[in-house]
């Protein structure tokens, strides 16, 4: 039991980080039909902003949380501005034509990191109360990982609650399933789009903020979780938050166990899992065929 | 009318000759009284991206050398001029940089962060009849299978540095017999570990290989690898075992960041890292820098030679009091290597310069440096520096001790 | 505006029978090749030779993307296979044309295998799977010592043909230009053929195409294999030009570049990737030497292009031409209403 505990906890913790980022991506994808290639850029921006707001120092949890939320809100605001100014002009294009626009946004974000923070890598320490390991069933487990698991679940519950049980959430789901009909029914589609993009990017920034104590902060952070988050979105099913959660857990646990028991295979684990699920069930675990184009 | 035209023509002619004379200094074979054209040295190094520290620090070191030499009258009565190109950590960008410099008439090159880039550049350097002095790149292939006479190296080869480390460790920590490893999962990493263990086995009859963890370069979440190592370590490893960390850049930082909650650094009596740029890691981690021994070519406190004192003094003067790191020193040394070679060859023609590489000696920061005949490898010592956290200080870390090991045999 | 079933088909530049235009189209590049060969210095020759192999790679990718509507993020796999094939044969003094042919063949074969597995899925899944296969191949190559591991194969020099040293920069440029021209001609003829028209029908509405009797899967597979073969050919040329075949050439970002290039120039135009290649290579080369934050400026440039002309530069040029030009050759089948 104890031999599996650590890989499970660590795999789930990483999965939660991945889920938070991917949930934003899948929402933008599902509601707006936009493949947000700039998502990784916001992830990195969230991390760097947290570093600056925290002044790179070891903060008590409450202040670190403030810095993280602040960073995510800035990302959301920036995202909404970009959505209104740039993306609104490209919605009539197909997926593939909007690619260049979101890719350009990614390059701009990544370049901004270098312009603002320079080339030298930075480091944000873990929050003061979460810098150590706790003993769980006789095994040392990093407390920050436990925090990540709790936060991931919180985000999942929050999104589920908002999307399923609030009028706003119903509006969003209506727009996601039929944009034209929703507009005809009087829903302000533009506002929903801007809001959803803001939320999606907020989640990316939050993911970055939470990841900031775990990684060296440099411009390559923008591509750090890109492949994994796209894999999670597709494996989970485009537009499905629950699907993203399940897919993230699958991928996180698979990677964690493979590294522990067969490291050679671990490098390929992501691609194997992706290929298997997608070939067997192309719409992803919980996706709907309506979202796909043939 | 005619006079007007003549006057205009005269003015035009005068103006043109003035302009030509002003630019004339740059053309080859200057007129009498004008200074001879400068000797151009081309630096190809990483100036952008996460490991930009290598190239930018290297450039700083090179400029110090160029300024020192020019202040003392230059080489063969001509000033040195530095031309830089960004390697971009890409073999294709490196090859392009080589060709670009060649088009500009710059044929004496040095630098190269990455061995892959250097290996890609060497055939082109040979084809175009240029010379290349590797300041940082250290792959053994550059001196063996891919060796060309156009090449020389200031940096220790991997083989040299990897055999010096066991010597130092066995001397300094004779009671540590079990060694573990964190390394990238690639050829260089495996080779490095094999060199290390082979040499350790010769020196220490009680040597044992502990846990070997090879990390793919694409891995971002290192926790599984960290826990893999931790679960293999016995309880008392913090006083009995050592670990050889053969990573670089972000992964090394991430290893210690993600390992901090588990007290990873304290599970080993000795942490040995091989490679330069530890100052960058220490500056990133600041007071969270783990206590480790770093083996590389240079540490500014390691040598008390006249050349090193001059280097440190001039570098600090030009860089707000920051002492030079190994990247800066390697580029500085490369420039001095060229100075010696050009002087000895009495020419800056690459064909003649490469002819004197073998057996060349010059004053380096470490003392008298000799370039080996068979593979143009500089015989320089390895320095082992103890880095540790210094929470009281502004920068958060310090170098507390340095040991120098001269190679007992050439590789 | 996006092109639907009505509106001008902006995908072809000339119609049959416009001979003078065709001659001009061929003469200009030929003259250009000769001029560069005679006048260019090492840097310039290298630049244009790189542009040429980039053009071929981008054209091959756009066959899939712009013409057939398939976004693949794994074309670098075939490109890299072509490069490594050439790299592995280079030391054996094989005829360069034979090496390129083999690189093309292996690229095409690999594409046939992967295409057979991935093409029966939806567009997004297809993109993701091609990415996955490409990355898997990258991983394998990175760890395989037999092909040089992380360093790849270096010092690749093409052998001579009948006494001519193909490795010499001027000769290599002419050689590359000729090979790229042949490859582009093949792709051009494909796009003009009924098969090409069918591909574009599949792009616009695959279900309708199926109902019209077009065997969608088989045609897509054929396009995928042809694209892979051309990518392999481009990869082989790349190995000659750079002298290196490294795992980088298999990474997913190498797959992304020709897509970006095609979009930049105009994915619905045959010559879009050509224009895009010149601009992209020139921009990245010059900007990367100017400032460490060069990707910011490249991104800004792309954004401006997208905002001003969502169908690429050629799309914008065509719109201006239509609006302000007077006597122009008929472009496509129907006029805008």
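As written, the chain order gives the labels A, B and C, with residue 1 at the start of each chain.
Quick note on the criterion: contacts are C-beta pairs under 8 Å (C-beta built on N, C-alpha and C of every residue); 3 or more make two chains touch, one makes a residue touch a chain.
Everything numeric here is computed off the predicted structure, so don't read it as measured data.
If you draw each protein chain as a dot and join the dots that touch, every dot ends up joined to every other dot. By number of C-beta pairs in contact, A-C leads over the other of B-C and A-C.
We define each chain's centre as the mean of its Cα atoms; on that basis chain B and chain C are separated by 38 Å. Taking the mean of the C-alpha atoms as each chain's centre, chain A and chain C sit 33 Å apart. Shown for chain C are the residues in touch with two or more other chains, namely 139, 143, 292, 294. Under the contact definition stated at the top, the residues of chain B that touch 2 or more other chains are 48-49, 52, 185, 216, 218.
Those residues of chain A in touch with two or more other chains are numbered 114, 119, 267.
Of all the residues in chain B, the ones that touch chain A in their complex are 48-50, 52-53, 56, 185, 213-214, 216, 218-221, 223-225, 227-228, 230-231, 249-250, 253-254, 257-258, 260-263, 280, 283-286, 288. Of all residues in chain B, only 47-49, 52, 85-86, 88, 90-93, 95-96, 99-100, 102-103, 115-116, 119-120, 122-124, 127-128, 139, 141, 146, 185-188, 216-218 touch chain C in the complex they form.
Those residues of chain A that touch chain B in the complex are listed here as 3, 6-7, 10-11, 13-14, 56, 114, 119-123, 125-126, 130-133, 140, 142-145, 213-216, 218-220, 224-225, 255-256, 259-260, 263, 266-267.
Of all the residues in chain C, the ones that touch chain B in their complex are 41-44, 46, 50, 139, 142-143, 145, 149-152, 154-155, 157, 167, 242-244, 246, 248, 285, 288-289, 292, 294. Note for the complex: chain C touches chain A at residues 1-2, 65, 69, 71, 117, 121-125, 128-129, 131-133, 135-136, 139, 143, 206-207, 252, 256, 259-260, 263-264, 267, 292-300, 302-303, 305-307, 310-311.
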